[in-house]
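As written, the chains take the letters A, B, C and D, and residue 1 is the first residue of each chain.
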Amino acid sequence: MIRFNSDYLEGAHPRILEKLADTNMAQTPGYGEDMFCERARDTIRRLCGAPDADVHFLVGGTQANATVLAAALLPYQGAISADTGHIAVHETGAIEAGGHKVIALKNTNGKLDAGQISECCRAHFSDESHEHMVMPAAVYISNPTEVGTLYSRGELEALRAVCDQWNLTLYLDGARLGYGLASPENTLDLPLIARLCDVFTIGGTKQGLLFGEAVVIRKDSLKKNFRYFIKQHGGMLAKGRLLGVQFEEMLKDGLYMELSRHAIEQAMRLRDAIRALDIPTLVDSPTNQQFPILPNVVLPLLAEKYSYATIERVDARHTAVRFCTSWATRPADVDRLIEDLGKLLG
Amino acid sequence: MIRFNSDYLEGAHPRILEKLADTNMAQTPGYGEDMFCERARDTIRRLCGAPDADVHFLVGGTQANATVLAAALLPYQGAISADTGHIAVHETGAIEAGGHKVIALKNTNGKLDAGQISECCRAHFSDESHEHMVMPAAVYISNPTEVGTLYSRGELEALRAVCDQWNLTLYLDGARLGYGLASPENTLDLPLIARLCDVFTIGGTKQGLLFGEAVVIRKDSLKKNFRYFIKQHGGMLAKGRLLGVQFEEMLKDGLYMELSRHAIEQAMRLRDAIRALDIPTLVDSPTNQQFPILPNVVLPLLAEKYSYATIERVDARHTAVRFCTSWATRPADVDRLIEDLGKLLG
Amino acid sequence: MIRFNSDYLEGAHPRILEKLADTNMAQTPGYGEDMFCERARDTIRRLCGAPDADVHFLVGGTQANATVLAAALLPYQGAISADTGHIAVHETGAIEAGGHKVIALKNTNGKLDAGQISECCRAHFSDESHEHMVMPAAVYISNPTEVGTLYSRGELEALRAVCDQWNLTLYLDGARLGYGLASPENTLDLPLIARLCDVFTIGGTKQGLLFGEAVVIRKDSLKKNFRYFIKQHGGMLAKGRLLGVQFEEMLKDGLYMELSRHAIEQAMRLRDAIRALDIPTLVDSPTNQQFPILPNVVLPLLAEKYSYATIERVDARHTAVRFCTSWATRPADVDRLIEDLGKLLG
Amino acid sequence: MIRFNSDYLEGAHPRILEKLADTNMAQTPGYGEDMFCERARDTIRRLCGAPDADVHFLVGGTQANATVLAAALLPYQGAISADTGHIAVHETGAIEAGGHKVIALKNTNGKLDAGQISECCRAHFSDESHEHMVMPAAVYISNPTEVGTLYSRGELEALRAVCDQWNLTLYLDGARLGYGLASPENTLDLPLIARLCDVFTIGGTKQGLLFGEAVVIRKDSLKKNFRYFIKQHGGMLAKGRLLGVQFEEMLKDGLYMELSRHAIEQAMRLRDAIRALDIPTLVDSPTNQQFPILPNVVLPLLAEKYSYATIERVDARHTAVRFCTSWATRPADVDRLIEDLGKLLG
């Protein structure tokens, strides 16, 4: 069985494991107050061109989202998200469990646009009984989105402008950020993201670490006492150094982008093959997730050799599925998949 | 200024005030454990043909909704609601503040249908990673709805069936229940509602009481320790007798339906006039809220004499507004409004 | 049966009911935005010598406490309270339901002292892992306390000073405030309270209104968007005018203090009698709640004619009970109770 | 610097790291649904003699406590804990953030006894207004406790009995469970714990894993949909296999107890030395945490070579500190500490 169903199928890149082994018996303070974490923070600040940023390391994405939004929102405030956003769909209501409404707006290819957000805020604040409604106060976006698409520089600048206009915190969930930055269609970079977003994450779990999401905070009001939020949300890893060691190794000399590029190369090969076979897709994704719409009849045949994620029934005879590549994808496995798709659908 | 902007503009029907005065100096236990509340509970059980129902009296609607859903839902569960539902729009996120997602489905004339709910549940429970999503566990409907429409007997029976199928608690918010039951298009009655719903409210605030919502619980698992939920939600009125006195007086001999019929008669006169003038409406409402779509040019002229609620911009030149009648509406005021609408738009 | 078990046994003072009747058919905006509420707010600002205070009217005490503390605390912060405080004991965890720890410190006669609070804060902020613990950020006191005692001017000034030192919000729950101000041992007044506290309530429910607690906010950061908190907590009364009418009538010409003095006179007569009979008390209360410790053998005899609250078993043969007087207490009933206590225990 | 300040100073036992490396490139399903987790679950069920137990793997202790109690408590219920309990003191109010009061009872050497719990429940349920108070519904204990002490078999049986009597869920936090089981004073074993507790954890983080707490659920009502709770609390590790691999390796052939015995041997050597020097202790601990009370004058001298945790000021001239041993403690380091204590205090 060759697995393409997600981008967290394996452990970590071997260099990560080696570094964990090398540093294993060092004695350090707990809870992220060790020198490994400090160096990893410095590395991230340098890569982002943001010397004043606060950086915290959390274990997982749902934890990071719940913690960041707890810090960003007052009790009567909510976060605007695309209706396909991870916080709106796939976190078992973690944001609501923290007391906040996710204000879900209709996505376009997994994305929000500035106009929607502006209209949402205008409608709220111009309503004579606005205090009977949840106040929008943050915008949650993911890049790449849950369906693999990317925000352009212009789109992100427009989101920043609308957030400034309505006093919203702009939060970018970068669980797969490297796969976005390595895309041929990418127009962003870390310093730009750090300049335009109030807070964002640099994902590790899906990008070659055992686990880990780095939260980068630019907005001063979010920085204060953020560690209290982390602890309350169960995110204060006792051996916090494990996160520092991994992020330092991954980021210090470009391994993060190297692995990201690998995943994107494999994904683009798959995209090209899907196009060549005239297979329609749910969305045109320039990143590591590909969403072909396949005839139901071929699914059991594919499933004999490959795992994939079932996304949605498109019509009575077709289903959209997801294939993911990652830092660990073997080119030969992609070759084989392309070959079999050709046999089944060519 | 003649006010039509809501159905809670005045105090209470005079008989309610008189009864409060008559009973004022009686000494009673607090927190709803007095004989007035007990008699009001018995009256409601009798009217509902539900001798085993538990009845609690709360002060307001948001409080009632938050309290009922807190009792109905486990932490990882959410309540399905029309996207126009009061809990989805107009309670400042009170349900989310209690930790629960409101699963908002697209309304049709303010209503949900059984098919939508079934599809929502099917999609959830058939998803291989359903534990990553909020589990639907209750259905919130209002009758009349927020836009004045009514569920038919058949529609309510279908909702009951789908709730049985997917193990959902069916909760009917009856903030304006009397105005629904008094409508010429109504096909429900209290015993039917009590038979089909797991829990529902009988509204007082908008129906001639100073304040008060009666919560009627049929489902046994919801009955247990419900008073703890009330207290925790700040809804345990110290002088609970005030609710008992009012509900008993309103319900003991038909005053509730008499006042409801009065409001509906006035609303139907207004509806007929709107129709006669070929004024379009946002929704065709058979109850005490009417939603004409008026040319913007007439609004300032109307506003000189009448208050109304602004609902939404329909196009560049038209706005949907709301006129409410109530138990207290004077027929002469409706006459005047009809006359002025005729002058402005005839 | 003559009831002394609480101070909310009857409805409202007759003048309150009359005013509600006089204003009953006036049409007003809802949610506290009417002229009655505005006038009542002005009256309170004047009585408090606080022209810049924000004033909101809520229905009940638990609701007021939960709403005020939701506005005063960030998610990782808690409220210091005496372990006898209402929020610590008698609100079914409403503060915790809002996400906040009640940091309960040992009471002395129902009170906190500044030294305890200072030590609690010092211990927190000097701990090297303070982010693992709830940060104290507010102080909740009640005056009179739950056991009838009073803070002196000096004690309140000391609390203010410690709150300034540690950046704590000082919140005084005045559910029985009038009964405190009317006590022979009182050293406070409304302007002093308004000067020293960041936020406090003036109780109506136990002081002659049907219901109602006025929340007076001095601290600017608490004022912002407070109505969102009210609505989210289910405390936005549709017919908000009912609170304005009642508070205006009660406060405009001294009725509040007149009724408070009446209750205290009756309570002091009872206290004198208890002392004269050498009956020990749980606490020496100068307000409307009296806590004699009675031999168990007399309790059933007393209970034939009087209701009282059972507070705690003191030893195998004695029980502390509570007798309350109120604005409605008939002097003859106190005479009778004193006489019977004398017969049973003289 | 030789560190004794905690038991999570190093990474993991080398065998754990090796196993992670060996399994690193295996492709597995995420979220704990892999074969490593399945085998680790089986191993735990076998060691506990509990074939019907549900086992889940979480990353950290605060996360585990918040998740378990969220599943165990209804909104109006609270968990009884010693006032020294981790949930009462050191989790930044994570339980309250989930809406629940921690009902803190006075500890004796870090422990609760059955009599206290019984009295707490009796007081609650016999109170005529019990619905105004948080209902006790769970008992949280830790073993070893936060101060290193142990529950005896008799004590745990008594707790079970009182939990049965009052319908309470008994939850044992075993963050350092191995260090308890390896103590010379231990009278428990895993099958006994599994028989007496409704739910408990087997700690990995402090016992030689990189991280990980195994939650073992015996009570059927807690088992249902527990994975929803995990995901909502941000505890669903994407690469859940990492927990399975570690726990399997640690538990399959006795490594867990071997490492635990090592830590206890070192701790007992230190305890003996402290006793021999007549150094008083805060509490007499038979496990891996030792709490000598040292003269303030020696602290800076000690601190030149050793890290330790400062626990509390005992008097003007003495401070209680904590030295921890662990699976990783080098005997020579303990030798040195003992020698230096002797020089300073002999």
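Note that in this section contacts are C-beta pairs under 8 Å (C-beta built on N, C-alpha and C of every residue); 3 or more make two chains touch, one makes a residue touch a chain.
Predicted model only: the values in this text are computed from it and were never measured.
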{"item": "Pair from C-D, A-B or A-D with over half of its contact pairs in common with B-C", "value": "A-D"}
{"item": "Contact-richer chain pair [A-C vs A-D]", "value": "A-D"}
{"item": "Centre-to-centre distance between subunit D and subunit C (centres being mean Cα positions), rounded to whole Å", "value": "41"}
{"item": "Subunit A and subunit C: spacing of chain centres that average the CA atoms, whole Å", "value": "50"}
{"item": "Distance between chain centroids, defined by C-alpha means - subunit A, subunit D (Å)", "value": "34"}
{"item": "In subunit B, residues with contacts to at least two other chains", "value": "75-76, 91-93, 97-99, 129, 131-132, 228, 231-232, 236"}
{"item": "Of all residues in subunit C, those that touch subunit A in their complex", "value": "31, 70, 74-76, 98-99, 129, 131-132, 135, 225, 227-232, 236"}
{"item": "In the complex, subunit B residues that touch subunit C", "value": "1-3, 5-6, 8-12, 14, 17, 20-21, 23-30, 59-63, 66-67, 91-94, 97-98, 205-206, 210-211, 228, 231-239, 241-242, 328"}
{"item": "Residues of subunit B that touch subunit A when the two form their complex", "value": "75-76, 78, 89-93, 96-97, 99-102, 104, 128-129, 131-134, 310"}
